[in-house]
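Same chain, two partners: subunit A is paired with subunit B first, then with subunit C.
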Partner chain A sequence: MEENLYQQRKDEASRARRKVQTTYVHQPSFFEKMDEKEREEFFAREKKRSERALRARFIRNRISIGFGFLIALAASILAIVPVFYTFINSFMSSAEISSNYGVIFQSLSGHVQQGATYLASTPTLTMVPQRVTFEQYANLLFMSPTYLFKFWNSIILVVPIVVGQMIASCLAAYSFARYRKKRREVLFFSYIILMLMPFQVTLVPNYMIADQLGILNTRWAIILPGIFSTFAIYLLTKYMRQIPIAYIEATKLDGATEWQIFTRIAVPMCKNAIFALSILLFIDYWNMVEQPLVLLTDVSKQPMSVFLSQINEAEIGIAFAASALYMIPPLLIFLWGEDYLVEGISRAGVK
Partner chain B sequence: MADKKKKEKKKQDEGSVKAGAAQVAPLTTDPDLLARKKADKKRLHRRRSIKDWAMFTGYLTPSLVGVLIFFFLPLLMILKISFQRSSTNAEFVGFTNYERVLTNDAFKEAAKNTMIFAGIAVPLAVILALVMAILLNSGLPGQSKFRSILLNPMMVPVASVVLIWQVFFSYNGVMNGWLYEFFELDKIDWLKSDYAMVVILALFLWKNLGYNMVLFLAALNSIDEEILESAMMDGANSVVRFFRIKMYFLAPTLFFVAIMSLINSFKIFREVYLLTGDYPRHNLYMLQHFMNNSFTNLDYSKLSAGAMVMCVVMIAIVGLLFFLEAKFDSDVEG
Partner chain C sequence: MKKHESKKNSRRWVIRAMVTFLVVLALLTFFSNTIMNATIPLVVTSTATRGNLAFTNSATGQVVSDSEIKVKGLEGRTVSEVLHTNYDQVQAGDVIVTLLPVEDMSDLETLESDLRTAQRNLEYARRAPSHANTFITETQAVRTAERNLAQAQADINSAATRDEAIAAARATLSANQAAAAALTTQVAAATASVEAIQLQIEACYARLAVIDGTAVVTPVPGMYCKLDPDPSDTTPEPTGEPLEEVVADPTPEPTGDPTPAPTADPTPTTEPTVAPTTEPTVTPTVTPVPAVPTSAIPTNNSNDRTAILNQIAQLQQQLVEAQNRLAGYSAQLTAANEAVTAATTAITTAEALPSSYAAQDALVDAQAALDAANLALSDARINAGINADKAQDSIEDYERQIETLTAKVNKKRAELEQTEIVAPADGYLYNVGVSEGDKLTAEGLVFSIVPQDSTYSVSFTFPTTVVQNMQPGQEFSSSNYYWINKIVITSIKPDPQNPRESRIVKCSVSSDYGLMPGESITVTADRSNATYDHVVAASAVSEDNSGKFVYVVIRSSGPLGDRYVVRRVTVNVEETSGAFVAISGEGLDNAMVVTRSEQPLHNGDRVRLEDYSGDSN
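Here is the complex of A and B:
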């Protein structure tokens, strides 16, 4: 049988080589075998089947998207809840706050803990305050000026740091990006290491140098190291290295000085990154707790963040309003500059 | 006189160029001229490199001076103090301070906790953020809204939400209330229990997932659709497409996110400090607590030794990460 087939194939091939036409037996296809009626039925069936498959796929997609949507929604709710409650609680009256959350702060002061076991009451999270009042804000803003001072302290610490660091970093990043040499990379690497150092390592050096310079317990003890912190330099350098060298050459041919190349080409092209980094730096320093705790022992000079961390039961009535107020500047900045932020931080990561 | 000579040489040079064009001979064979040209070139090169160096230094100076004064010099100072008996007594005591730090139980505990936290938090933050980014990138409606909301926690000052965390996680807090209501579980003081690390981990993820996710989203968006499509035509299923193609392009971002998360994992001290104060339960006692507490005890030489140890460890970790990144980077680009 096999032998036979082989011979047959051989003959066929030989004929094909000699271009001998053999008779072609037409094999009717599956489709041709059907008559008119059968065909119509077939088409209808196939149409239905493909429709069903499409619908199934659509539903599957919908379900997976819906599922993903639910997960994303849950994550978003988790992300927003603490902020939401802080704002809600800030509109409650002091009495309502202490009736709702008083029980929590009882357990916080340590020794009451054993007794607290017998308290059945749990705090109540309410979505809507019983009565919306601005009592907390009024107390905070008009009755106790110290809080306003703390707020001002925060601002006067953060703004110079952000502005100063951005200026110093732009210059340094340009220098690292444009004039690359092996030995300079070592310096750059040491900058990166400094950036990654946890604050507790640089705390001692900071303290010592502040002591030596005699600026301990003044704002400069925080502002100066803040300005020269190397966080922004790393990201900005990464950004500036993406500027095509052709731009700089072209500007040079047009007769621009080095300074003009910097101010007209490098800085405008990194605008997004500069905005993004300013926002990041702002939130980072707005947040700072450790530095003022160690370097600013004078309570009147400490920023709001330190005060908020030391809030106790007696001040619970205004704590939420203080927290909410403290949150507002970074949130406003975020709303205003979100696109810059996203664009800026994401390009640095992608390369 | 010299000028004239130069002109002559120049003419000669040009002549030789013209002649050379026909005969394909070297431009000039005059050894004197060659040496001169070489010297000229060298001088020009030197002048340019001096200018280059001057520019480099000029732009760097403001930052470098500050960094030297506020970081490098003091680091050298602590290096010196870490070998002294105390900050005022300059007697050289060798590695005694390091021994004191490394055998200190509090330091060991703190180092262990910090390492455990970083070891769990960083991979978790990276992986969860990647999952969220893929989820958002898979064509969800309102992608940018979700992105904004998830990025939101990054902008909230820690000090502001600490109060709410206390409402949730303190002994009489909401979390215990819910657990009691739904599962009839006993109350636990979250931040003083074995679960304290879990709570802190949750806070860390709450704060950092959004930022990492945005980084991953950008990287995912920058992957060329055509590559994915052609892989699909070649019969790669979604798993293969993810691990062989997307991960390949995500590698640089992965490292960047890992480094950022590592930096942020050291900042978790803020949350811990604000929630539990100077002396938290032993499983939350971080290196930063150790440093802070030694600081208040004014034990500078021990503190310096501790700082130096941390410094060396950080350099090792960062060096390793950057080494890996450089390796993968050249892989991606080449």
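Here is the complex of A and C:
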């Protein structure tokens, strides 16, 4: 039946192509073949089916939303709990901290029993301190100048990197966005390749270059590679390419120079992206550990993040307070640029 | 617009917080070293290393006088003025210390009050009643107990024959009761016979009176003469039956005394009375003599009269016999009743006696009561002796107390009157231990007097190993003291504080220039050297109530740098050579020992080490 119908339509098509006029035989459609009663039954049946389908889709949506909510809630709890415990435990005394978490260090190498101790007694996670004390903060702020110096080391390293990278990346991104020639595209592609490379791959070349430049074991060994990082250039380039060309041409017609176009048009329109990048870069470099460990062998120049990653049994008494204080600058930065961060990231991919 | 303003304000607040945070951090950083240096003490350390220590075995002692006279204080007195100082030469009687007059006499008043109380108590004790005792009560109790014991012994003997006595008495009782019953019947019969005979006699006399015409015959019922016919009797006149047969006693005479009188003793020793062998089987009825009716009286008066008289004589004879029998039966009845009464009494008495077991218990109880009474008597005598001794002892105690209190009162009174303390002998004043305003005590030393001709001695403490080469009579070098002639060992004794490892070497000291007590003298026994494991500077060793100790610096490295904490280690000082000491203790191998600190240290304190890196030397 279907083959006949197919052949019939094929013949009609070839006749029409040859402009051969034939008598059109009307073929009744599926609905026309049905009488009124059959149609009503058909519509009633279809209505029920569609209702079932809608209800099933509604339930599926609710289940998927609930499941997603639970996953998000669990992830949020997992992310918040360490921060919460850090803050709570910063009000414990050194003795209480050693009593609760000393077993962690006893399980590390260098201790006699090591893993056996850890397995025998897991650390005690205590919500409420036995005695609320500011002993950790007092030790940290009044009796540990080294901590303060390391704090300033972090600031000294991170602020130039963020500022310098913003300047360099804005200029580079404008160039890549404004002048799209073949060589520049190749260079931009190489930036993407570099960005995709793992950080550890570029660490050794960085070390060698720093050694060649004679800046090894100086802060410049950290700052200079940070300033010329690729991620900000890539992101800002993609962002600046969204700027309508009509704006630039209009300013050119008004007699604006290239610098004026950059400073008056491009940078203000990329403000959100710049702030978002600044926050992300600050948090990223505030937590850097590997670069200082490799490129800054002088302990006195290492940032606070290195200390926090190397907390051992001797320092555990002040570790929580140090972590709590260390959280403050990124938190303030985030609170300051929260809106820019959300907007900048969300609009980066909009064409 | 409003939302934009809010965000702007929020950002402003965050910026302010950032600036504040950085400023605070900068300030803390600026003052961080200052704060740390102010709170963490700086210490100088040296390593406890193995080394050779050269030392001298020397000891130091104080010169003491061998004849020092110590003057003690007066309790409660206050020093007004001290008139001399140490080493002043004083004469006997010189006033050394003057005392403030006493205003508070309460101590003396208390002592006097105690003395009065003791005197009153002594008087009461002497007036106490005599403790002589005759122990009458106890003695009477003993005697009563003895009597009870004797009675109990008698009871136990009686109880042994109790059952036998009861049986015998009951046998006697039963026999005599039967006899008594029979005798009672016989007595009644005999009585009836007597009465009947008497009636007949009276009837005969009445007949006789009728015959004589002196009386009118009035028949009396029951009273009739033999010669008178009974008006009611229709029987023919008897045929002249002899009176004797009529009135003959139908009751056979018992063969023996049927009721032997029972003895007073109810005991079975008395043989039971034998019951009468012949039972009175015939009722003792009096057969009246056949009376002659008045109508039948012969008219022949003389004959009648004679017959009546004869009859009367017979009746009187029968009456006498009947009365005799009645008396005999009555006597037997009485004897039988007495025997019954005696047997009843014997049973009652025997039944009242205790049983053998009860008597035995009573005997034991009586013996126990006697023992108790004897013990009570003995105790009473002992207590009386003790009380007497106590009374005597209390009297003696009061006497001694009075004597002591009297001495104290006198002494106190003398002390209160005393306003100065004088030197008891000539010599040097020494050990003046009081000053103006001090409160004196009875045991507190006020000063000492060292006589001018006193000899002196010094005691040195040496280790036992050093003393091995010493002996009494040996001389120590006195070259360091030009004013000393000789230091000669007089005795070597173990040190009571450390008898195993230490000896006290006592030396006599002589000098031409005059010695003063309290002078310090150091003597050297020998010199030696040895190698020790841990030699540190002498300043590292400290001492407190817990002993000698050093502070060892414990280093802990971390990302924030090195931290140094001191730990107290108790040590034993093995040897000392002035600047250095050899010590032993736990954890001292190559340990950093604190030799100097700018602040007092405590166990666990965090410290800073003195930095010598900048020193060129």
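The working rule: the second predicted complex is superposed on the first by the 260 of 351 C-alpha atoms of A that agree within 3 Å, B and C clash if a C-alpha of one lies under 4 Å from a C-alpha of the other, contacts with A are read in each partner's own complex, and residues count from 1 in each chain.
As a convention for this text, a residue touches a chain if its C-beta (ideal position, glycine included) is under 8 Å from a C-beta of that chain, and two chains touch if they have at least 3 such contacts.
Because the structure is a prediction, the values reported are computed rather than measured.
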**Request:** Would you sort A:Glu290 into first (subunit B), second (subunit C), both or neither based on which partner it touches?
**Result:** first
**Prompt:** Should A:Leu54 be classified as contacting the first partner (subunit B), the second (subunit C), both, or neither?
**Reply:** neither
**Message:** Looking at A:Trp152 after the superposition, I want to know if it touches subunit B, subunit C, both of them or none. Which is it: first, second, both, neither?
**Reply:** second
**Request:** Applying the touch criterion given at the start, work out whether A:Val186 contacts subunit B, subunit C, both or neither, answering first, second, both or neither.
**Result:** neither
**Asked** For A:Ser169, is the partner it touches subunit B (first), subunit C (second), both, or none of the two (neither)?
**Response** first
**Request:** Examine A:Ser144 and indicate which partner it touches, taking first as subunit B and second as subunit C; both and neither are also allowed.
**Result:** second
**Prompt:** First (subunit B), second (subunit C), both or neither: which does A:Ile63 touch?
**Reply:** neither
**Message:** Of the two partners subunit B and subunit C, which one touches more residues belonging to subunit A?
**Reply:** B
**Message:** Is A:Ser323 touching anything from subunit B or subunit C once the two structures are fitted on A? First, second, both or neither.
**Reply:** first
**Partner chain(s) touched by A:Trp336 [first = subunit B, second = subunit C, both, neither]** = second
**Message:** Can you give me the overlap between the subunit B contact set and the subunit C contact set on subunit A?
**Reply:** 306, 311, 333
**Asked** Considering the complex alone, what residue numbers of subunit A touch subunit B?
**Response** 64-65, 68-69, 71-73, 75-76, 78-80, 82-83, 85-86, 101, 103-108, 113, 116-117, 119, 121-123, 125, 167-169, 171-172, 174-176, 178-179, 181, 184, 189-209, 224-225, 227-228, 230, 233, 258, 262, 279, 283, 286-287, 289-290, 294, 304-306, 308-309, 311, 319-320, 323-324, 326-327, 330-331, 333-334, 338, 341-342, 345-351
**Fill in**
In their shared complex, subunit A is touched by residues of subunit B numbered 52-53, 55-60, 62-64, 66-67, 69-75, 77-78, 132, 135-136, 138-141, 146-167, 170-174, 176-177, 180, 187, 189, 206, 209-211, 214-215, 217-219, 222, 252-253, 256-257, 259, 262-263, 266-267, 269-270, 273-274, 287-288, 291-292, 295, 300, 303-304, 307, 310-311, 314-315, 318, 322, 329
**Prompt:** Which of the residues in subunit A come into contact with subunit C in the complex?
**Reply:** 141-152, 155, 299, 302, 306-307, 310-312, 314-315, 318, 328-329, 332-333, 335-336, 339
**Request:** Mind listing the subunit C positions that touch subunit A in their complex?
**Result:** 7, 10-11, 14-15, 17-18, 21-22, 25, 28-29, 32-33, 35-36, 39-40, 556-561, 563, 606
